[in-house]
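You will see subunit A twice below: alongside subunit B first, and alongside subunit C after that.
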Partner chain A sequence: MSAVAAKPAAGGAMNPTAMVVGIVMTLVLIGICYMFAPVDSQMMVVSVLIGIIVGGVLIGFGTHFVPVGGAPAAMGQAPGIATGVAMLAAGAGLAGLFGGAWAAEQGMVVAVVTGGVGGGLMMAITCMMVNFVYVFGMGIPSASGKVANDPITGDSQAEFKSQGTEGHGLPFVSFVGGVIGGTLGGAGGTLIYIELLGLYEEMLPNVMQVTPAQVMPIAVSTAGMFAVGLFLVNAVLTAYNITGTIEGPHDPKFSRWPRAIVASACASALCGLVAVLIVVL
Partner chain B sequence: MSVKVEVIEGGVPHTTILAAGLVSTLVCLYLTYLNVLTGTQLFSFFGGLAMVAALVWGSHTIKVLCSYGIGTGVPSAGMIAFGSGVIAMLLATKFSILLIPVVALVLAAVIGFILGYVSNNILNMKIPAMVQALTEMAVVGALSLMGFAALITGGFTFAGLTTGSVTFMGMTLQTHQQSFIGGGLIAVAFLLGAIAIQHPFNATLGPGWKQDRMLMLTAECGFLSMIVAAVMSFALINAASALIALIVAIIGWIYTYGQYMEMSKRDAAAWLDSKPIPDVEGH
Partner chain C sequence: MEHIVFGIGITALAGALATVAGSAEDTESNIGSQGDPNSQVQLAPQMGFLHRIFNKAVAGEPPAYGLWCCLGAGLAWAFMAMQINPVLAIVLGCVLATFVQGVYATTAYVGRTASLAKFGQPVYVDVLKSMTSVTMAHAFIAIFCTVTLCHLINAALGHPFPLPLLGLIWGIALGAAGSATGNPYYGKERQYQNQKFGAGVPISASGNIVRYAEAGERNSIDNGFFTHKIGGSASGICFGMIVFLELWRTVLFEQISAGWGAIIVGVLIILIFTVIDRYIEVWARKNYGPYAEAKEASS
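Right, the complex of A and B next:
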């Protein structure tokens, strides 16, 4: 069988056994965290891990909204932004993370919202400039290949779609999807960072035998590094789920999101447990 | 099940590269332990060599994985390698110094194995090499970051990575800002490694792919990263030790770069300087 005749690597099918295994593994990892935590702060440590899992799931779910075009988009043969899923998710999430980290001192809600706005803003600017390049640089109109009418504006797409392509440019629904995805990703990344920062600020002074003021650079840097690591793991796993290109929330591939949520929860629980153990052990 | 889109022909088998990379990385990491035994920082450069060895092994793992069309681009493999590696490496630094590399190896292997299961079964990738490749890549990420840590700070204990010292008006003060983790150097090391591991296969893939050329390019990228890391190490270890690391890195880079250029010329087809399409008047 040649590569051309091969079916796409991952279809839309779900593997129920593996999904159950993933959910059970997530719960087991939370249980392990509860067992290792010091007796007087068990609930606090477990709530941190749950916050990390929620953040990871937000990243995994949000990435499905982002219009990813990859190499075909660069040639004007598929709609979306012309780069890979992992790069776009990491870009949106890290932009949000930096925005949220700046507001970390003003409480969790403000920081998470700021992170979401940062990620959404980054995606909005990216989508707009991408469309500028497509329309004025490459001279192609925006048209979706997956739906007949834009689900939001109702504009028909088929007249603008070139033959032999899957659509091109960045239709309005993809733009909106990109902003939603960036917002969810940025909020998720910030949530992971804030949870870890709070934990490290509280526990590291005892572990390292130093004052809370001295521990700040270590806490910020370690929490930031773990947040980046967790972000990249979640982004790449979501990229594996999407395999290639996605147009946004109207794409048939969007229906694969339940798999990504279980996978992100499982991976975030695993990596979050390791991040928590560094102060608990 | 997906189909291999690229064939490995000839060359050293992957298991040999795996074994050689793992052993030489661990040996080089343990050689930095000479710093503790002799009370100097002169042996920090072994950390850089460990990093280069791990990267060479890792780039071949990426080749094995990305031979199956995973549809997400080669760079994502480097990102997940270091994303899962940094998590394992940071926890491992908490253990006693003789155990750290082994603990990092085991921990990263466990994380990588579970991530491989998640992508292969829950996400339904069904790629035969997935579980083994993600396991190897997490280990590569953890060990090469540990190599960076040893190169820049002279050791890889959690206390050593988070504590530095500044001399202020003749007094030596303990500080946490001037350190590998507290100063954010770990973020630079992270991307230096992640780019060095994903670039070689991304640059050499295609019908003309040759194993020795790709591995030599990896070594070249590794030494290039080592030069940057050695320059950063002037901030944290004494100048003589940092200078040794810098000289080793520059010599390594010049040698591997020369070799890579020779292999590129060997593999290149005939080359013709075809001028740009001429502008014809009157059109």
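Right, the complex of A and C next:
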């Protein structure tokens, strides 16, 4: 069937076949990782890959929460933050990764939670300043274009939309969505970093024939770069899934998250496999 | 104790640098018309409104600043590895990164404007000459401050990431904070200064940007002058608070309860900003009031 002959599918429609294919591909990639891993550390290597997949899924899911209005938001024509989905999610998630990497010595749980809080903090400050500029700089109150009432506060939205626009600013539910999105993104990015760092610290001294102390800067840098790269892969995939703009968890587009989860798992498995194999092979 | 006091001093300095960086970043992007509002600068000639606004959307601000700050930090790191004094190394690295920004700005303006030739939009060589150096100057301030704060975080506070990676991370965060906070002010308040204050731009008005100033045609330096007073300052405060609070909670509270102290303080700060945001939202609803009666709007 050509693209022209294809039926126009609704944006939120799920394709079960594609979902199954994605899940099977993810499992195949995990199997490949298991096959290529050294016999004495197969489970450890596979658990690292699974950790990377979980981190990628957290990033992909979290990006759906981030309220992004793109270019129309910059003119007060649509609600959300006036920048790109992937870019804002990356900004928040990487700020979280920064904090999480700092806390890496405190153990995985503390580091992942610290990364999550760092991402959430970045989004909380940014969302608050967005509303500050809208209200005190431009004299425009917040209004959602997708729901009649704010699901959290119950505030009515329609009468606060100015004429000829779809809404503007960040209603409270979008603010909360932004914080949740930043938190999940920061935690996911940190989880990927911690998993890769542990693997590289274990494997690189043998691969490079150097002492563990000498390998630390290389392990930290490589794990950090892969974490940033995997973050961008998952954030951009999700940006395609929500086709550019989303208001937050109350937006109908939010219901598309299951297919982004599968896509993120599959993409993270492939990228993670590369990150793992550079020290395993 | 001495270690903590030193850390707080570095944190304050990094926060101040981030504030300047955020302000310069937003002003640079507004003079160059780089963020999302650039869609209107690109659209205007297609709607018949020719203009003399600089048009250099190289990429979204976060990846663009990620590149430039990473480049500046990487070059500075290389110079420092050559035993050059860190201050000189950072300045040299940032100068070279700024030249790359200038090349991108030039090619972006010429390329994007040339694509509008069929709508009669000329490439103004004098605009190119006068605006590029101004955006480069602001970009230098933003890149220099960001790379310097990354160096402080790495060398003085002991963050494990190498300088180029920190440059990439904080460059992307700088672009994200600056574009999120500053874009609406440039897009709505400046480009559509002819529209009503206190309302969004009607979609039907898209492309009809203000093209004339008090005398002659409006240029992009006027836009930077106008937007830096609120949009630029707000972007600076936003990025400054992000850097300062992230470092502050880590430096002061990380040692408490094996890392949980910094987490609890982070959650408390998020809650405080949530309350402030809600206050701002309610304040606007009460003081500005609805645009229409609730019944009319819902019908």
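Here is the rule we use: the second predicted complex is superposed on the first by the 271 of 281 C-alpha atoms of A that agree within 3 Å, B and C clash if a C-alpha of one lies under 4 Å from a C-alpha of the other, contacts with A are read in each partner's own complex, and residues count from 1 in each chain.
Everything that follows uses one rule, which is that contacts are C-beta pairs under 8 Å (C-beta built on N, C-alpha and C of every residue); 3 or more make two chains touch, one makes a residue touch a chain.
Since we're looking at a predicted model, the values are computed, not measured.
Q: Quick check on the superposition: with subunit A as the shared anchor, is it clash or fit for subunit B versus subunit C?
A: Overlaying the two complexes on subunit A (C-alpha atoms) leaves subunit C and subunit B clashing.
Q: Contacts for A:V179 in the overlay, against subunit B (first) and subunit C (second): which applies, first, second, both or neither?
A: So A:V179 only meets subunit C here.
Q: So, does A:C127 touch the first partner subunit B, the second partner subunit C, both, or neither?
A: second
Q: So, does A:M43 touch the first partner subunit B, the second partner subunit C, both, or neither?
A: neither
Q: Of the partners subunit B and subunit C, which touch A:A148 in the superposed model: first, second, both, neither?
A: Second partner only.
Q: Which partner chains sit in contact with A:P217 here, subunit B, subunit C, both or neither? Use first/second/both/neither.
A: In the superposed model, A:P217 contacts both subunit B and subunit C.
Q: Check the residue A:G76 against both partner chains and state whether it touches subunit B (first), subunit C (second), both, or neither.
A: Once the two structures are laid over each other on A, A:G76 reaches subunit C alone.
Q: Going by the contact rule set out at the top, does A:M225 touch subunit B (first), subunit C (second), both, or neither?
A: Both subunit B and subunit C are touched by A:M225.
Q: Which partner does A:A90 contact after superposing on A: first (subunit B), second (subunit C), both, neither?
A: both
Q: After superposing the two complexes, find the one stretch in subunit C that runs into subunit B, choosing from 45-53, 153-161, 207-215 or 261-269.
A: Stretch 207-215 of subunit C has C-alpha atoms clashing with subunit B.
Q: Check subunit A for residues that touch subunit B in one structure and subunit C in the other, and list them.
A: 70, 84, 87, 90, 217, 221, 224-225, 228
Q: If we count contacts the way the header does, which residues on subunit B are in touch with subunit A in the complex?
A: Residues 2-5, 68-73, 75-77, 79-80, 82-88, 90-91, 94, 107, 111, 114-115, 117-119, 121-127, 159, 162, 176-177, 179, 181-184, 186-187, 190.
Q: Provide the residue numbers of subunit A that touch subunit C in the complex, in ascending order.
A: It is residues 70-77, 81-84, 87-88, 90-92, 94-95, 97-99, 101-104, 106-107, 110-111, 113-114, 117-118, 120-122, 124-142, 148, 153, 155-156, 158-172, 175-176, 179, 217, 220-221, 224-225, 228 of subunit A that touch subunit C.
Q: For the complex, which residues does subunit A have touching subunit B?
A: 1-3, 6-11, 13-15, 17-19, 21-22, 25, 70, 84-87, 90, 208, 210, 214-215, 217-218, 221-222, 224-226, 228-233, 235-237, 239-244, 259-260, 262-263, 266-267, 270-271, 274-275, 277-278, 281
Q: Per the contact definition, I'd like the list of subunit C residues that touch subunit A in the complex.
A: Subunit C reaches subunit A through residues 35-37, 39-40, 60-63, 159-162, 165-166, 168-170, 172-173, 175-177, 179-189, 191-192, 197-206, 230-231, 234-235, 237-238, 241-242, 245-246, 249-250, 254, 258-260, 262-263, 266-267, 269-270, 273-274, 276-278, 280-281, 283-285, 288, 290-294, 296-298.
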